[in-house]
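Heads up, the next two complexes both have chain A, just with different partners, chain B and then chain C.
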Partner chain A sequence: MNHEPKFHGYLIGYLLSVALTLIAFGLAYLHINSGHLAFSHQFLVYAVVALAVLQLYVQAVFFLHLSRHPEARYNLVSFIFTIFIVLFIVIGSLWIMNNLNYNMTADQVDAYLHKEN
Partner chain B sequence: MNRTETEHVRDTSLLGFWLFIMSDCLLFASLFATYAVLGHSYAGGPSASEIFSLPFVLLETLILLTSTLTCGLAVVALYKRNREQILGWLFVTGALGALFLALELHEFVTLIAEGHGFQASAFLSAFFTLVGTHGLHVSIGLLWMLFMMAQVYRTGLTNVTERHLMCLALFWHFLDIVWIFIFSFVYLLPIIV
Partner chain C sequence: MNIFGKLSLDAIPHDPVALAGVVFMFSAGIAALVALTYFKLWRWLWEEYLTSLDPKKIGIMYIVVAVLMLVRGMADAGMMRLQQAISVGDSFGYLSPEHFQQVFSAHGTIMIFFVAMPILFGLINLIMPLQIGARDVAFPFLNSVSFWLFAAGAGLINLSLVLGEFSTAGWLAYPPLSELQYSPGVGVDYWIWALQISGIGSLLSGVNFITTIFKMRAPGMTLMRMPIFVWTSLSSMVLVVFAFPILTATLSMLALDRTLGMHFFTTDLGGNVMMYVNLIWAWGHPEVYILVLPAFGIFSEIVPVFSQKRLFGYTSMVFATAGITFFSYLVWAHHFFTMGAGAKVNAFFGIMTMVIAIPTGVKIFNWLFTMFRGRIIFSSPMHWFLGFVVSFTIGGMSGVLLSIPGVDFELHNSLFLVAHFHNMIISGVLFGYFAGITYWFPKIFGFKLNENLGVYAFWCWIVGFFVAFMPLYILGMMGATRRLDHYDASMGWQGLFIVAGVGVCIIGLGVLFQVLQMYVSIRDRKKNIAGADPWNARTLEWSVPSPAPMYNFAHIPHVYGRDPLWARKQGIEHHEPPYTDIRMPKNSPLGLLLGLFGFLFGFGIIWHMYWLVPAAALGAIVCIVVRALDEHTEETISAAVVERIERANPSVTV
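Presenting the complex of A and B:
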């Protein structure tokens, strides 16, 4: 964290982030305006996720100044650890809840719905 | 390595603040997980593509992104020890942050007025909790920025103000990173799919 932050570093990070944001919104806009036909849904999901991860990388490097520099080592290690835990929470929750859904029988779903209404 | 005592204190407290931010990430992770699980539970209410508008979210995104740039420029000014520039960039950052918050509140008020409040469905509860928590963080950041400007204005650039400014900048950049995932996973993907 002791490198002196420079104007052009922030500017590059900003321009890259704007570009990645515009690509993501542009893909969504084209897709909706073509009546959901322009791209396959699977491609779009991968593209939006990839663009978000790329932008996370850009901002971590240019704004948070994360690097392999020895002085930023603890920041980097805790950052990677946090990403690991975040993935654990999100993917784990989705996995468990989908599994629960899948394992409910049609009768159970029926009984549940009737109770709700 | 030749490092002075003040540099050591600054780096240690920055690391401590960094660890706080990392634990804040876990708060957001659990809210994102909730949204991911409940995002399709509309309960007969509106779906995501019916209530979200792409240009509006793009505008919010660009405003917050620009404010994170100007916050970085305040840090550049800090290293140049230019007090007027720091105050100026902090003011621009705060103004953009306030604009972002106003847009978000406008979105919330419109949704609630149309009967799509947080009680309407599990999807909307998860949405309001996640985006509202981010908005709360932005509000706290704005208050902090006001105090910071007062501190820089009154006491000038001391070791203490310098340390606080660096922490504030980290916090503000973190909020923009959370927003990347909000616009991608909360707004874009549900609208597309």
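Presenting the complex of A and C:
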């Protein structure tokens, strides 16, 4: 096995994960400590989500050993399948729940009824 | 802090019906212990089964526990039918509403999680390694841990009969009823932790079997040469690995709500009840296919053998299986069309539900074309198959009917729905598993089951099934909702409920025939010696001696095509090299211990004995560390022993 994972791979992955987590935490900390003035709330949300996705990528590469080596092909296929399933469930749930909220929340129904009248 | 948490003597039930259950369970348990001691079987049980890492032994234990739980689930079914047949107008039957709710919650939970799932894992353990030409599964110790975690969950469910109460919130425990505010007792906690602990076992099994199928196939056994049962097991386990984490997360959130006062699914403080329903079905619908796909695989093995013809449309069977696996993640909202989503959502999920019926139909036609112009042998597995085709098709059509949102609004939560899913699960899943158990029994125990009694059992089951569930379709159309413990005489439902009760009695007769079949077959086992290949079969499991030896294959076979045993019997050359030593995993009691700690962990949380929870977790971690540090986990079976076993029960040689 030529592609046996090496120790330094795990170390790099670990350090990058810690760094990305600390940056996200630091941004939130700065945001609160500066009295919400350092940057906008929206920027914080996008930044944290971006850092999370980046960390997902780091972990997939360094811990789950995703690559295009032939031996890693199964990993890659199952990872893509995972992404599909997660997308189905997340997007599907958001779609369903938004639809339910639109139809079921009291003030929405009121608004709808007023519009009808 | 009280060391017993919420537990006190009041937890023992007082109501006479429940007490009778307790007394019955205790006497059965004590009788079993006395019998084991009297016949001096403890050592045999410990060495041959409880500590065994042999997948065949683990498979047998799964099926034995499942059959015991099946008896309890059927007793629950009988109690419900009796209550609904007599609780009309002025009569209120013999069960209090509270007890009736516990009974139907237990029935559903037990039948899905503690009957269907373990038979599924049992059959995969027994047969899948043999079919791919492997000596073992990829992680033998993990396999034992999975079994014992499942057993811990089953233990918790049964304990709820004796200590405290079971959930009254139905088999999926929808909030807000399952939240602390409306179910302050321990019932829902029993439900959560029995499912959590056995669910972890299921997830580990899924990982184990997928790895086995991908990594341990015999040389030449390419993916497209695998028997269909292996394909369906693979798909089913992929579904397990992707779906069970959703269940675990959802149950964890419900447990956090109940134990730590959080508000994921409460009706106030930002909780959203509808999210629970959404998430539980995102797991729940794949679960249906987890159960039924391996049953399809079993039929795909049986039909070619008893039609004496190769399977029609192997490739389309594989693609239909993969298609069902994929689409099963896109239909979950059809379980809650009436929750209030708009037409776009409901239309999408309704259409997806109709689409998923197509690959299932492909399979039915493939089996029928396999039979076409075959020389069919009407053995008892074939009876189960034919019964399945007729009743499963009816159930499938009622399912497509329900997939139309407009119709679903009429029939949602009615007995029509109850009839529909029993139609799928009894005639699809259960008939398939019965057929599989009958078909593979000789490979595991070395003798065949009595055919006549098997056929009698089949006829009782199929007739009983129609008598029990066709009235429920009609009652559903008449407006009878599910989970009724009482109704008014003016509804005019009583006659049909009594007919349904008679149906359950006929099914009970079928179970009696199955018990009798087991007894007679064991009594006459010397006359029914199976030999390696009793059915003139086609796949590798029938090439080894019966019962299959612990190492499965004395020589790892080389595979040159589909149906390898059939090819070998047609005279493709095959030579036996001399026997060699075989390395196999040693027994280990640590799986059992881990299961025990899992049980104590759940018990501690359910009864709020908070000292027990970290203690049990620590015990489990110690078990894992001890196992990880053990470097002598294998033993050698010498060539001489292999030769002796192979000569005693010859394998198929040409």
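Convention: the second predicted complex is superposed on the first by the 101 of 117 C-alpha atoms of A that agree within 3 Å, B and C clash if a C-alpha of one lies under 4 Å from a C-alpha of the other, contacts with A are read in each partner's own complex, and residues count from 1 in each chain.
Please note the rule applied: a residue touches a chain if its C-beta (ideal position, glycine included) is under 8 Å from a C-beta of that chain, and two chains touch if they have at least 3 such contacts.
Source: prediction; values computed, not measured.
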item: First, second, both or neither for A:74, with chain B first and chain C second; value: both
item: Contacts of A:63 with chain B and chain C, given as first, second, both or neither; value: first
item: Which superposed partner A:82 touches (first chain B, second chain C, both, neither); value: both
item: Dominant contact partner of chain A by residue count, chain C or chain B; value: B
item: Which superposed partner A:30 touches (first chain B, second chain C, both, neither); value: neither
item: Contacts of A:103 with chain B and chain C, given as first, second, both or neither; value: second
item: First, second, both or neither for A:95, with chain B first and chain C second; value: second
item: Touching partner for A:48 - first (chain B), second (chain C), both, neither; value: first
item: First (chain B), second (chain C), both or neither touched by A:17; value: first
item: Contact residues common to both interfaces of chain A (with chain B and with chain C); value: 74, 81-82, 85, 89, 92-93, 97
item: Residue ranges of chain A in contact with chain B within the complex; value: 1-2, 4-7, 9-11, 13-14, 17-18, 21, 24-25, 27-29, 31-32, 36, 41, 44-45, 48-49, 51-52, 55-56, 59-60, 63-64, 71, 74-75, 78-79, 81-82, 85-86, 89-90, 92-94, 97
item: Chain B residues within the chain A interface of the complex; value: 7, 11, 14-15, 18-19, 22, 25-26, 29-30, 32-34, 36-37, 49, 54, 57-58, 61-62, 65-66, 68-69, 72-73, 75-76, 79, 166, 170, 173-174, 176-177, 180-181, 183-185, 188-189, 191-193
item: Residues of chain C touching chain A in the complex; value: 214, 238, 242, 246, 272, 274-275, 278-279, 282, 329-330, 332-333, 339-342, 344-345
item: Interfacial residue positions of chain A with respect to chain C in the complex; value: 74, 81-82, 85, 88-89, 92-93, 95-97, 99-100, 102-104
